[in-house]
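Should a chain be cited, it is by its letter among A, B, C, D and E, assigned in written order, with residues numbered from 1 in that chain.
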Amino acid sequence: MRLSRPARGLLAAITAVVLALIYLPLLVVFVNSFSTSQNLTWPPPGFTLEWWAKAFQSEGALDAVLTSLQVALASTAIALVLGTLISIGLQRFEFFGRDAISLLVILPIALPGIVTGIALNNAFRTGLGVQLSILTLIIAHATFCIVTVFNNVIARLRRLGTSLEDASSDLGAGIWTTFRLVTFPQLRSALFAGGLLAFALSFDEIIVTTFTAGSGVKTLPLWILDNLFRPNQAPVVNVIAVVLVLVSILPIYFAQRIAGAEKIVR
Amino acid sequence: GGTTEPTEAQTALGAMEGSVSLLAWPGYVEDGTNDPEVDWVSAFEDETGCTVTSKTYGTSDEAFSLMKTGDYDVVAASGDASLRLVGAGDVAPVNTDLIPNYEGIFDFLKMQSWNSVDGVSYGIPHGYGANLLMYNTEVVTPAPTSWDVVFDKSSAYKGAVTAYDSPISLADAAVYLMTHQPELGIENPYALDETQLAASVQLFKDQRVNIGEYWSDYLKEVQAFETGDTVVGTTWQVIRNSLAEGTPAEVVLPEEGATGWSDTWMIAANAKSPNCAYAWLDYIASPEANAQATEYFGEAPSNAGACDFTVNPDHCEIFHAGDADYAAQIWYWSTPIAECLDGRTDVKCTDYSDWTTAWQEIKG
Amino acid sequence: MTVDASAPPTRRAVVPPQRGNIARRGSVFLSRHPRLRLSLLLSAPLFWLGLVYIAALAALLITALWTVDSFTGQISQTWTLDNIVAVLTGSLYQTVTLRTVGVALLVTIIDIVIALPIAFYMAKVASPRAQRILVIAILMPLWASYLVKAYAWRSVLSQGGIFEWLVSPFGGHSPGYGLPATIITLSYLWLPYVILPIYAGLERVPDSLLEASADLGGGTWSTLRLVVLPMIWPAIIAGSIFSFSLSLGDYITVNIVGGANQMLGNLVYTNVGAANNLPLAAAIAFIPILIIFAYLAAVRRTGALNNL
Amino acid sequence: MTGAQPAIRLTGLTKSFGSINAVDGVDLDIVEGEFFSMLGPSGSGKTTVLRLIAGFEQPTSGSIALRGQDVTDRAPFDRDVNTVFQDYALFPHMSVLDNVAYGLRVRGVAKRARHEQARAALDTVRLGGFADRKPSQLSGGQRQRVALARATVVQPKVLLLDEPLGALDLKLREQMQVELKELQRSLGITFIFVTHDQQEALTLSDRIAVFNEGRIEQLGTPAEIYERPASPFVAAFVGTSNIFDDNISQALLGRSGTNSVRPEKISIITENLPLVADRAATGVLAEVIYVGSSTQLIVDLDAGTRVVVLEQNDAHRVTTNGRGARVTVGWNDSDIVALTAPALTSRP
Amino acid sequence: MTGAQPAIRLTGLTKSFGSINAVDGVDLDIVEGEFFSMLGPSGSGKTTVLRLIAGFEQPTSGSIALRGQDVTDRAPFDRDVNTVFQDYALFPHMSVLDNVAYGLRVRGVAKRARHEQARAALDTVRLGGFADRKPSQLSGGQRQRVALARATVVQPKVLLLDEPLGALDLKLREQMQVELKELQRSLGITFIFVTHDQQEALTLSDRIAVFNEGRIEQLGTPAEIYERPASPFVAAFVGTSNIFDDNISQALLGRSGTNSVRPEKISIITENLPLVADRAATGVLAEVIYVGSSTQLIVDLDAGTRVVVLEQNDAHRVTTNGRGARVTVGWNDSDIVALTAPALTSRP
């Protein structure tokens, strides 16, 4: 749309201001990670690298990051498989109850985390009588991660239509071969995008985690929660957050690259 | 869960099981993973061969529900959880004879209402402290000596008053009422009949309009005092000690007395590793470990010998360790139950669930 | 087509016939039985969602009909409507529900209002390169932990904090801790989840429609109001589901910056965590479940559920 | 065009979508090696017939036989036919070479061998130099040729083409028509070609089936279809036709029933060029439309109907008077085509 | 076609996208009330010119005047022109009626009045009964007509149409061509029509501009463009042409330079029909292509070139011998069009 120059300017300005607001708290976190104050008070009374040094020595933080990675990877993997299956089922077939199923997929993200959390906690412990562990946590995370994969994949399938699959089977490829050689490569970026979002959701989830993690399982958010209440640890938490933001640039960048490349192809 | 039938205490120790799982306040079980310099768990592991896994909790209530999972061998419980744990049958009696370091514990902490039932010990005291009154010395003048600054006179600091976010805080009001409304006849702040509870609740409801925020984790309160968002309210000594240098805040044990906590290491009724659990109870009661843990957390140690091992030589003095008179002013957290703790039999006392409901309604 | 004369009309190479291995026979079999194919696709995910999730929800709702022994914390499985009645009649629950829904609605509105211009700028004004950078910029804060961000806002909004420092020259004040701070923080936390679907929705609005509107005399506002907004409505709803439901269940942010206020999440959390009264917690959990179901039912027709 | 068995035999083929009969009882034999076109308006069921033959849809009833073998229940990958899709359906993530080699790959041909064959196929469509490009880097006409190469490299007995030229612009389309015809000749396989462009069908086909509402309205060679349309629908759909109903026919042609005369069979009779015509009629020139190589004249006849006359702008063309002029038009009886049997005048 | 001021005047109009000059210094006057077509191959800049006139793009240099008023810097909604988009760009969320009424709505016309006018506009495009449908429930041709109604209801001075018939099938396209022409006549407004279909341009237009690489290659009436192409490009792009280079021209036509003769201007001379021709040549009939109303004959001349001959299948057509027969072709000198000035023979 051809907007007038002032309108463009206004939009750009709003965008800039909101971006600034978005990054303001992150800036606070960043600055605090160098602050001599242990309690995140503002303005920082002095500069120190102590927390960065501590953070990189903190086995607890490292363990927590690894646990979170494990949980997020596992639940993302499950969500990828289940989400893809559902989206193919719903998009490529007509049957009674399709709407109910798509609602079912959305429900775990639409219902507040605390509801999901206590429901699963109750079901695991009293219903099934299993002990909470990293497995129960992964199951819980996968449940609400399915939807991000589902949405991305089903949108892609809808846009893709069936003509490529038809062409493949026309050329002699069986069902599995068609999926492997044609459908899957077309879904890759949607899977990546959905998986990334699922990963992010799982990685930062705390409410459901509180209720479904076993006693020895400490994900990063749980570790952070603990350490915010522990003497001398709050600034270390800031360091971790800053590192995470910085590290996250990579996957997001690649997701963008893939999406961008596909846009050109299309 | 467990049964409500009291289990028998163990009479002898067996072989170590190789691992033990602990549930404790943050800072009670440090194994160096958060800060390599803070570690008293590794020594225990080396000594006994019991590998420690631990989980922390934020409130006594969380501890209580976590213990119900049956995942933990040992819990460090405050008085507001301990009796409930006993009542629920989640913890077993502890045979103090199997714990050599029990000897060194201050006598005034032994066999108290929050760590024993009917003369049976249910655990080993760990550390204790008072819920003090903290105030901003620049704003709150003159220096308060009474809890009235957070109750009857709290309107002077509207929006900058704080209180501990737990139903057990109702006992703070009861302590205050013991002095200021003696006609209510409160003998024990944890044994309140309905009228007495109503009076406490009213006190808090009046206070509610002046509350800036309730605190449940101490980082929140430290921040609030440093920035000045909060100027007066209940606190722990350790919070005062954590304030940045130059923060104009002081603590006082007001004349009415105060509530406080004395934590107890308890053993789960169906512990998977009871022998490692006993080993831990003994270890953490030793002067060295007790000193490390209580100093790191910021409370008075329970073992008289611990004062020799603190990094800060003044630690025991700051936290009034072993000061029986000071300790006498403290009403240690106990779980309110229907059977009045003060021995009254003519009325039914309000129990913890009444307190919980009341607390939620106070917050509104 | 000038056919290569050197290529003999008898064909070049022999194309092998279809292979008859097991995978192929499976393919043939499955291609004749689409229902079987469908059940193979859906059985695992439906088993998962139905058994893990729906069963858990159902169990939770049944729990709401039980009671708990207050001292021992044991659930006794005697049927009672006490909890439901308590939740329905207790003024505490009404107040807190209203407050929570109010906060969630405000957060949702604020997020949409902020997200619209940004998403529009990203989708329709910015160059492709800038677009990509903006998407990254919007996504990155998602990775700083939720708790860390909430505490950062606590710091920003504190007395003498950055917010005060920024607005005091204009005579403004920090709102301090309380509901406004809660709304600000929640809006901040969920903003990316609202921007992204709206941005995707705007990308799907063809430029030619905007041009058609301008061509017919529609000024910027008319075009936005009459063409853009109705077309991205499903995307807006999709975004709102995120911000609304995430706000509805939150209890941590309000604890950190909400001053003395509590929301539905706190009541549930306190009852399950502190009071160890799962039946009452379950009964309270009914409230957000009902609200969300009503909301989903209301927006289902817009097709928003396909746009999350 | 021999062989006892037809390349394809459709028997009572019907396909319903809900209440719509997209294909409605089609019986058809397609001869080995012929260039067969399906022509018809949008929605007449051409694509559906093609998809049924390819196996993408299951017929509601009826059967499909390839060279005498019933394949009605076979999956697409189990049939010896290949399709060139209207939108080409090239795999966007594969290079042109891999696209063409795909059919060989899934048949387990080794990499070297399949690449060799694919290159040869690309050479026949004159795209030898484009093997490493992605489909997105090709123009429409080039993509179309890749799709052709991809479908032909596996040597199907029958090639199905669904409006393969529909997306190309006019100039390119004309060029590709010539190439298609040559390819079919050189490969010698059966082509089944779907189009809604009658010109294209007439130009390319050995035989044409004209579809209407899921049925075959007429089946024949281009000349049969054009010169002897069997129904008003075919007359109107294939080329421009002057269609006279019973009344007008009786007045103008002296025949009953519905009849038609093609515009190019009618001439303007002037004094300068007094062509011999069996019949003549007078009227007023309503419109003169210049179409480059020819001119369309629309004449309102005094008999009360309007006829279209097509005159080639050839070397001998005599300029006709402008709009409004009175003209005489003429035609021969042999050019009149009866579209229906004369209506029975059952009235007293 | 009067008035001192042209409806549209483009002066030195240039638009670059990066290094591509999509439009390259176009000067053009379009007369009030004319049906003006822009014809050219894909990528020749037609759409860009249209978008510049409509205001969707800003020119790199040059100016645009509507009825003498410079509008170069005006926003699209500030210009008195309307566009019918190639993909119609109907608002999917509005009913057909609301789509048509949109232009009135944003001008603040009250609901009742605008609905009335919109209904009237729908009636003129014969869609009166479709007011309450959504665009998605219409066929391509119907959508096209909604787009027309929507653009004309606000009574623009100039209507811009970007390949409005491109997406329709052939039969429908022919029908819509007639409707378009009639609409233009009845409204009496200026139409600027973009197409790459030369037939369409020839049929509909008062004047045509042939575009090539961002420039106007030739400007004139359909007959001028077709009969007197100014360059080899125009000759080849508009209709089929036999183009003879210098050598062949000298041998066959006795002229130098590049020359062309249209296929319909060449006739097959047989004993039966000894037409008078200025020039004749002999050759072999290489291909006979039946096109319905006419037949295309491809003749390999003995002079070493190939010519296309178009013969109408009219009432007087004499069947020509089949492929391989020897034939004589003839044409008149007056039908030879010189495409370039004769090459200067500077060689000694």
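Keep in mind that, in the parts below, contacts are C-beta pairs under 8 Å (C-beta built on N, C-alpha and C of every residue); 3 or more make two chains touch, one makes a residue touch a chain.
These numbers come from a predicted model, not from an experiment.
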Chain labels contacting chain C and also chain D: A, E
Least step count from chain B to chain D, where 1 means the two chains touch: 2
Distance between the centres, which are taken as Cα means, of chain B and chain A, whole angstrom: 38
Centre-of-Cα separation between chain C and chain A, whole angstrom: 12
Chain centre separation (chain C, chain E; CA means) in Å: 52
Inter-chain centre distance, chain D versus chain E - centres from mean C-alpha coordinates, in Å: 24
Chain E, residues touching no fewer than two other chains: 55-56, 75-76
Two or more partner chains touched - positions in chain B: 219, 223, 227
Interface hub residues of chain A, defined as touching at least two other chains: 2, 4, 40-42, 169, 172, 174, 177, 225, 228, 234
Interface residues, chain B side, partner chain A - complex: 21, 23, 26-27, 32-36, 53, 55-56, 58, 66, 69-72, 217-219, 222-223, 226-227, 238, 242-244, 296-298
Residues on chain D engaged by chain A in the complex (per definition of touch): 54-56, 75-77, 81-83, 85, 87, 89-93, 102-103, 105-107, 134, 136, 150-151, 154
In the complex with chain D, residue positions of chain C that touch it: 1-4, 7, 9, 11-13, 15-19, 27-28, 31-32
Complex contacts: residues of chain C adjacent to chain E: 206, 208-209, 211-219, 222, 226-227, 230-231
Sites on chain E touched by chain D in the complex: 41-42, 139-140, 169-172, 174, 196-199, 202-203, 222-223, 226, 237-240, 262-267, 275, 277, 289-294, 310-316, 330-332, 335
